[in-house]
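The first chain written gets the first letter, and so on, giving A, B, C and D; residue counts start at 1 in each chain.
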Amino acid sequence: MSARIWSRNINDERVDRIMIKVAVLGATGYAGIELVRLLSRHPEVSLELLGSKSFAGEKISDVYQNFRTILDKECEEADVEAAAKCDVAFTALPHGASKTVIPALLDAGLKVIDLSGDYRYDDVKVYEEWYNEPHSSPELLKESVYGLCELHREKIRGARLIGNPGCYTTCSILGATPLLAKGIADDKNIIIDAKSGVTGAGRSLALQTHFCECTENSKAYKVATHRHTSEIEQELSNVAGKPIMLSFTPHLIPQKRGILATIYMNLAKDITADELQKVYEDYYKDEYFVRVMPKGKLPETKHVAGSNFVDIGIVKDERLNRVVVVSALDNIVKGAAGQAVQNMNLMFGLDEKTGLDFAGFYL
Amino acid sequence: MSARIWSRNINDERVDRIMIKVAVLGATGYAGIELVRLLSRHPEVSLELLGSKSFAGEKISDVYQNFRTILDKECEEADVEAAAKCDVAFTALPHGASKTVIPALLDAGLKVIDLSGDYRYDDVKVYEEWYNEPHSSPELLKESVYGLCELHREKIRGARLIGNPGCYTTCSILGATPLLAKGIADDKNIIIDAKSGVTGAGRSLALQTHFCECTENSKAYKVATHRHTSEIEQELSNVAGKPIMLSFTPHLIPQKRGILATIYMNLAKDITADELQKVYEDYYKDEYFVRVMPKGKLPETKHVAGSNFVDIGIVKDERLNRVVVVSALDNIVKGAAGQAVQNMNLMFGLDEKTGLDFAGFYL
Amino acid sequence: MSARIWSRNINDERVDRIMIKVAVLGATGYAGIELVRLLSRHPEVSLELLGSKSFAGEKISDVYQNFRTILDKECEEADVEAAAKCDVAFTALPHGASKTVIPALLDAGLKVIDLSGDYRYDDVKVYEEWYNEPHSSPELLKESVYGLCELHREKIRGARLIGNPGCYTTCSILGATPLLAKGIADDKNIIIDAKSGVTGAGRSLALQTHFCECTENSKAYKVATHRHTSEIEQELSNVAGKPIMLSFTPHLIPQKRGILATIYMNLAKDITADELQKVYEDYYKDEYFVRVMPKGKLPETKHVAGSNFVDIGIVKDERLNRVVVVSALDNIVKGAAGQAVQNMNLMFGLDEKTGLDFAGFYL
Amino acid sequence: MSARIWSRNINDERVDRIMIKVAVLGATGYAGIELVRLLSRHPEVSLELLGSKSFAGEKISDVYQNFRTILDKECEEADVEAAAKCDVAFTALPHGASKTVIPALLDAGLKVIDLSGDYRYDDVKVYEEWYNEPHSSPELLKESVYGLCELHREKIRGARLIGNPGCYTTCSILGATPLLAKGIADDKNIIIDAKSGVTGAGRSLALQTHFCECTENSKAYKVATHRHTSEIEQELSNVAGKPIMLSFTPHLIPQKRGILATIYMNLAKDITADELQKVYEDYYKDEYFVRVMPKGKLPETKHVAGSNFVDIGIVKDERLNRVVVVSALDNIVKGAAGQAVQNMNLMFGLDEKTGLDFAGFYL
């Protein structure tokens, strides 16, 4: 891995160390700017390139003025040549754009963590069915790793190209995995009802994200057709060892950050509520970013907002022999930028928590 | 029915007419004040008594200052004697209080529309199981009518005592009814995932309704144990002609008004999406307050906020042979006060729409 | 005035009456749709034409789905010929568009209530200075009346063309008028600090009204240069009988409806707090839509949201011999659509309150 | 200063260092928990004691579940004995409570940073006039230092007791100081119109902070009588070198974090807009946490939310020879907890920015 010597002051001591040189392509969208926010505090990272087509030539701190004096770096046209000096590129580009850029970045020797849907699939047919278009670089799908760290940690460590999971996806998969992995839940009649904050819709202008159309409003959308369904099914099928098809319904609710997924699964075995609780606690006992709620408590999005944690609560419906799992995360952290940094940490041999081990802001 | 002559100006013409004399007991809670708002514009109603234990002696327009100059009436201790002059009482009292007051009101010759859970049950055992206490007047349960107008219109017309449905309940039942009535949906694996605005939690102070705890936050609560489950099951069992048990999960989301219920049902028959759509359109074709969305469109809470409408959208999941129904209403209008007025209209022989035939406020 | 016979059922009695035929041009903006909402419940109005360039051919109830079943009328290209059958047109058109349409509407015999800034000025020079462009029909300025009903009621009754006041303007002028009319406030050092909800920014898409940019955010804008300053100065100069120049600062705050104006004026006379209170109470004693708060209470936007009321509270700062007046209204009702209807009522000889005498929604 | 050796891993290197042992008394209020959030990431701090009367015996991570796994420390009765082992105590106690605890903490050898109003005054009479009660330890007022770092840095370095400024106060004082210090603004007719988010009202339950009463609502309160007025006047009088009296009006707006202060001052001198801009840029050129906006740009609360920055924008009103200054900060960071940490850094000889040099969260 190429890298450069970079020095900075840590508490008045000058420390020379090798920093990871990072490019963020698409730095001015909501996932992009959250990457910038996290990476600007990451102790092992040097932010070398902020790519933005719309704001090339402007300072990032003029586009997002919270960064004034913290990071006054100029945005650049995100060309591959400029990125070539970096060790890793995060690509948070509009759908389609990433497909042309990423092969070139890989050729230039970078590792790539892509936040689009393009490299998340094992099977190109699934991609083409749900995205309704041919894939431009199907050969890379064979190499790319689905960047859900809790499921694919070892593969991620050695990967060159990561398909960083969708925001709904992480929340849903981590909530359902233990019961499917252990064969405790029935593989039929799985329902995932997910509620997302508005940052999930991005910064582009649209009537549905106008404040007056959006505040005091809730709705379901893309019922039975949302693309993330296919990611969830792919991963849960792998976990269960058999094909899983399920209902996934996304909703837009009037808050900025947060996804709450309510997951319904029928129980395939006799199991008590205490045993169910223990299944989750055991399954995630070594996972820093997964916090299983104590029995009787449920997650709330404010507990995870601004952090890389996923909180999961489990309720057994004794009347119906069904389990209801509720999982919560911050869609632009664990659901996008935070998970991407977690992937980077793994890929560069760092402690997975580096730069991510802090509480959310609650308020 | 006793009534008094009351005159008012309708467009410069003096009109003498018999008005319905109304008492609202519990006028200063959120359901109560919405009743006052609706009744103050109802052309056939004279608001005679505003009962409020907490605010007795204060003007309603000091408690809710939007009413200044519109209704400066004083709140009174809600005693039965004071209410005796009225034709009908709406009781929006804290759980428990209504049970002692209502028999006395009935004895005094009033009709009663009760917004608590006390008179919603066919079977006292169901009440006692879900409320975990003995019912104080089980004999009245035989007489009381479940006030969901679209299902029990004829009985409501002749009733003396109405158990006005819960807020989640109306939304859920009306969404699921057509498919169960027609035997199209399987009676197993019904999941209702409902999201409610914060007015549903009432005006009492609690940490969970503090602005800073509540805005930018979403959560599930009382999973598998919410009392409204029992109402929904009672009514849908009647509709289906066989016992229905289902999962109902309430959520609190950061908006004031609105319930959105997402209902999952497996299809028991071969039926196309177009046919499903038609089932709903036919079923509700004479129901003014139920608006079936055109195929491909889904309801949003802002479309119903402030109105007595329920909007229902239907999606067939072709992959899973499942239907996803989304229904939306305003929890304090069609989910409480508006429905109560609709019940009153039926009980007093008025056009069901009287005082309720307006659009919500959207903005 | 041309009019047509129109009949409808008022409480089961068929009433034949002459209805005012109304066109709303620009019906799908936020002021336009609030006009439609108010007019659809106005007992003397027949909504004949909903003009919308963007949505011509679509039903208003598809553009704003709260209107489904209430008003399923189609929007039309807002041409003058189509409007010619009407008695009055409300023009809520983008800046510029109203100037070409309005002379033609007047020629066709309609009365016009214009919600733009074009016909609000006594002096064309003031317009041209603040709008930085020549006025296209300065001759109409001589005829047009500034539609602030509380100040110009008599002129409005006889007017053909109304310049309906700006949203900030009504709030500010009504708050400051009594003290300036009575010579109690100094004409120097008047500061108006106003906070507006986001509907004031309209429905057009812009980054600043994106939910995620707008919620949890407040800002001042157009400091010292906002056009409404010139309206406020014009009217308060007339009230005071001498030229008034003042500071006006608009702010955007994260709510949909509501303007709160905090007005600072130095006292030019010795006057007690009780006397100040009485000045306001006396000044507005016959004004239905102005509610002076009791001494010691202050207005809040939720008290007026959805209504045509302006609430005004008065505090004397004893230390500084200064008065702080706080006034609140709903920017799209009394600040736009409601005031426009109030103007129409006056112009057509109706009771000024017709269709407007209801409480706001509070919740 | 007593201290202990504490070791931790900084980027895989074990570092032994002397950490500052900190007690937070009142850790579970909103200012307290923000202190905990900031201190838990502060590289030189060891959080030794979390004092909370209401939650003694509970884990901080059960009270604020965002801290789960990050800080699972138990809250304790905040007694002085327990705190005695610490180097410094932050007291964020209810009004009154701090007065009895603080002298004891000082006697025990701790430095104290008090977030109440008790130790903010030079003159005990001012305190007693605005708080309307006798001061319990007036002798400490002589020693205590007003903890506005930008104004009193040198005194703070040597202080034992800090009166940490009020939230409105910092925003107002820093906005007005340069012009008063330079004699450019008139000392009469200063108006400060401030808007605050709801965290400023604290976590205690009250109707006005109920979500449904608070969202979609704005209001002024304590007009001409808010206690922070006296702090602002004290500090600006010192800055100006002559007594300053001014209007200060607080408002509550529907967002969690943020204060926006709009400050109106008449100009006492001929000065151009460019020169005004330069006065601010020069005055704050060495202040890391004060960001003067470029000419023509204005601050917004989202630019500072979650950070310790104050953003200040300056507009000259050419018509009125008046300046309008807009300043923004996060009321629980620079307006409370962040400033308290900044004070601690100064008192312990650390770089003032330590643990505070990050961007806010914007989203």
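Keep this in mind: contacts are C-beta pairs under 8 Å (C-beta built on N, C-alpha and C of every residue); 3 or more make two chains touch, one makes a residue touch a chain.
Everything quoted here is computed from the prediction, not taken from an experiment.
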- Going by the average position of its CA atoms, which chain sits the greatest distance from chain D? B
- If you tally the C-beta contacts, which comes out ahead, A-B or A-D? A-B
- Distance-wise, how many Å sit between the C-alpha centres of chain A and chain B, to the nearest whole number? 40
- Provide the C-alpha centroid distance between chain A and chain C, rounded to the nearest whole angstrom. 47
- Where the CA atoms of chain A average out and where those of chain D average out, how many Å apart are those spots? 35
- For chain B, jot down the residues that touch at least 2 other chains. 30, 199, 212-213, 215-216, 254-257, 300, 302, 305, 363
- Message: So in the complex, the part of chain A that touches chain D is made up of which residues?
- Response: 10-12, 17, 30, 33-34, 37, 40-41, 43-44, 64-71, 199, 216, 256-257, 288, 291, 300, 302-307, 309, 311, 332, 351, 354, 357-363
- So in the complex, which bits of chain C are touching chain D? 189, 191, 193, 195, 197, 212-213, 215-221, 223-224, 245-247, 249, 251, 253-258, 260, 262, 264, 266, 298-302, 305, 313, 315-320, 322, 324, 326, 328, 363
- Message: Touching residues of chain A toward chain C in the complex: what are they?
- Response: 30, 198-199, 203, 205-207, 209-216, 254-256
